[in-house]
């Protein structure tokens, strides 16, 4: 992705992006049911690199499987491109882990931009202290082999009921994670920057006692003018 | 509501209130499944002012709807009386937002005493930093139009499986939110103040090594006497 | 339990223990769906002392029941042996409380090592501030009588879909709680200490830029040698 | 509603209607999670007449309430216009009944076209034997007072996550129930009749060994011609 | 139980019994979420004989366990007294079976009056054809050992969120199953017989075109008189 | 698959197969939460041919997509080999259909052995009348495009929390559906035939009044002898 697009997306909220996608008829792009393992004070932004789990069949998922250098979970961690966000389809099942602190530390060292699962992470307290954004449903200590078999790297998946295609742009803030279809990323980023400027203006007005009627959304010309003024004085 | 009643309810826990209502045969007054967006260090207390959502039909819920100055969600925010708690029936569906930071900032500016939804708020991190108590199930970035249509202001509703009538007294602490039927508010407030005094006495005794048997609940006269003494010395 | 075993278990993670039990064919020992009321910065470790709730029948569960000095919930608190963890089977129903701050304060004073329910605690904010680890699904203000009747002390139970027998060793960290069958506690504690040493070594290597391939799990001799070296220099 | 529209809707499937509404951007008009109490061998068709339940507060929902001739549940049954379908918002909670055989018998006698709840009916076996279509989630013996208070007649509601406005056209077959916005009923009925003709033609072709490719949907001219022929010979 | 009580309970519906218990303040006696494996055309009536499952620990639940003549599941089947209903607490988990056709055939041969689980039965199609009423949540083929360990015979349990004590009277019809506390069985049976007579009278009136207002419940004297007449002519 | 294996599997129950797989350490092979659309009076048996759905993104899932002759859902139906069972991963979401009567009729005409989804079928009443076994969670009228995008044909999937690999042997009876790993099919079929013979013998004994103790499972030599005799006389 373009670094300008990344910068823009670092500065807008998932709520604003959700509205921009809603305008385009996309209603299901928020990954439902996940939250930050720990707040990072900045957005997570990057193209999706995916991993899909299927239910584990016991004979194929003994601890010895991890000794296989081609085990897809480990290969995914070692091949996720720099700046990408790993998105894991764990079938919304957090009863066993999607990954743990060692793998996520490795992903961080390799330059990963973040990681999301609709299941849970083990060693979550440790992961929360790492300098990489991570989102999950809840902490989950059992090894992934208990219920999940990593089966496919970088194919199209579902995560938290949202559709994810490799290369889609993933953005997470302190509330939620959203997936922007790759071809829309730039225009949506631009629009969201504009929307954010207006929202910031509105918040300031509302904190000064202004009613939202006619202001949010803007249906009165006077607010358009005031906003133009505000942009100038605030360099937005 | 009387300001004395409000004061009393500011100083008791939802757990104590739940027991006082249980005594009166009311078992379902706690709004299930909600928690504070961020702890505020004080109770939320006020009469309920309600908003009801129904499932959104797509043709009635385009972004342009918000331009309508009579849109019930916006009207509700602009008409909620000072000191009231807005309670939203979102059918326990947090997949789309019940409200966001701009509207809740406006509610705060207008003197609202708090806001509760059995769905989720967008911009939750921002809302958590505002000086108004807010309770929800979880953060939710998609605009309410995605799944919810605001359809009725200040009618009787359900919220988190609890029955809410406009004017019922809503109390929230760091754990939960409870709804006291309007006609019971004063007597329940009085009783809860009494119960809290005894509970505080008990905690002190227990921290000094006392057994709970006979003490909680009080079935021994000696504790009655000690409590009377304690009230005197503690001005309770 | 032996104090050495306790010490060992104080220093390992639930994730590591889950893997050690997985190796032994035990896949369901993590209590699903519970988390710390507040992080304590140390593990909770102790033999299980159990309490079982059944659904409350209204005529048997009026407030007056608590006046009975033999009420099983209160008896359980007053008889839980020092150093034990009270584990409560609340049928995964957090709509009413499993216990509150007064009882848990008493348990703490009596030397209890912790408390776990697959329901919820009332007065959770207060409990979180106590010096005793507590785990639940979520805060829940209604008194237990609303939905739960304490029916059996120290029998075999389920908690969060895990099987618990009295005397099993319960370990909780900031993520999760796990139950180690009593007869396996020592060997699992030993193994987990070994595993933790290797994991700590791995984390250090990964933070230095090492790939996980061949390192985690260890399939290359060079890492065995480096680990032996590391143990020596780190006194592990 | 026009009797021609009713006739048309008696002859098409809910699946076909769902597709016709999907074309118009309406994706959530099927009442999720309900099924016929017993198959009736014919569609249920009629304008919606609604009833809304809220959670029951115990002091307002004693058996004596039913003695009130203005109890909304009973009034709803006695005022539902002939040919209408009563649709009940029971908040998807089937733990207590929405109605029983006596009331539904009365509705039948008054000419009601059917009844739907997203909760459950008591006396369901008896209701299944009546000559009126009824749809619910599952049988439920407890009286509605246990959990539900009838609070509003013929307002907008949600039922099984679908939006229902009074006067919308409700159609049920052996699979599901769908709600057609009133203003679309005629055009959707017409279109569904056309679609059904083509589907019947397709089924016949497929049973003769034809591939679906190019046939369903029709992308080959030869099928258009064959269909025209088929309509003529079959009088469709 | 008295054979007269049994006879009375054979002739009334679970819905009527639920109302009679509701009058006495008991709101949770219906076993939620179960239905007949197959309709039997008669009620199931008998005192409860209970079996409790806990989550299965794998090392204690290998197939060889069944060779133990003291395995509680098998002992329960072989000791359930004639005329009793076996009620199984399967923690509402139907992912593994509570019992299968062989055991239920044996129970039938021993004179069992029926069997209920809040989980599922394997061989359900075969069980449905036996001459013994059986109720469950859904068919479930995996052996109970997969998830359930039979741990206690004839203690107090929960089943489908209802409280069950051994000896409580269990009644099932084509809709649901209800549990009458033992000490109330006779008076509730008597009352239900009376209520059923009036309900049958009402149905007849309603089928003749009578409104329910004033009739159900009876608030008009004229209906009292007509009912008295009806009882005489119908021998009720 | 061998036709002998198929024949054997036509004559055994899913419950028996589940036990045979349990013996081999496989506990999760039953597809949870599905049942026959209509009983067919015979087992469904065949190798799995899979289809995977992901969540639908609205811009990729308009009705026009079906005009594409390469749409994976339609291609799957047209390429599923004779004698195979189509197994669909619908992410356990029955809010939109997995397939309808036209496609399933085509599958039947092409010689498909059956179809399973962990979602729902539209036109279910029609499908139930076809001469091909079909299993789902519940009827669902909305077109698949509403929520599902067909994304992959014949890869490994999850269905009802069970792992499915193409070529695994799928067996359905009136209760449930199970998946036998391909390499185990023959030995499991053989073992199940043996087990079924003994179970049939047991049922006969139990119907004659025999206790299950020592008989099921067989721990007494006398039963072994009687069984040998029974096999001879019954040609098993």
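For this structure, a couple of remarks:
Each chain carries a letter (A, B, C, D, E and F) given by its place in the written order, and its residues are counted from 1.
Note that contacts are C-beta pairs under 8 Å (C-beta built on N, C-alpha and C of every residue); 3 or more make two chains touch, one makes a residue touch a chain.
The structure displayed is predicted, hence computed values, not measured ones.
Between subunit A and subunit E, the least number of touching-chain steps is 2.
Considering every other chain in turn, the ones in contact with both subunit B and subunit E prove to be C, D.
A repeat of the C-E interface exists among A-C, A-F or A-B; more than half of the contact pairs are identical by residue number at A-F.
Two copies of one sequence, subunit A and subunit F, touch each other mainly through matching residues, since over half of the numbers at the interface are common to both.
Distance from the centre of subunit C peaks at D, each centre being the average of the chain's Cα atoms.
The geometric centre of subunit D is 31 Å away from that of subunit E, both derived from CA atoms. Chain centres here are Cα means. That of subunit C falls 49 Å from that of subunit D.
Distance from the subunit B centre to the subunit D centre is 37 Å, each centre being the mean of its Cα atoms. The multi-chain contact residues of subunit C, meaning those touching 2 or more other chains, are 27. You'll find the chains touch as A-B, A-C, A-F, B-C, B-D, C-E, D-E, D-F, E-F.
Subunit C contributes residues 24-29, 54-60, 91, 93, 149, 151-152, 155-158, 161-163, 181 to its touches with subunit E in the complex. Residues 13-15, 17-19, 22-23, 27, 30, 32-33, 35, 39, 173-176, 178, 199, 202-203, 206-207, 209, 211-214, 216-217, 219 of subunit A are the ones that touch subunit B when the two sit in their complex.
The touching residues of subunit B, when paired with subunit A in their complex, are 63, 66-67, 69, 74, 77-78, 95, 97, 100-103, 105-106, 109, 122-125, 138-143, 145-146.
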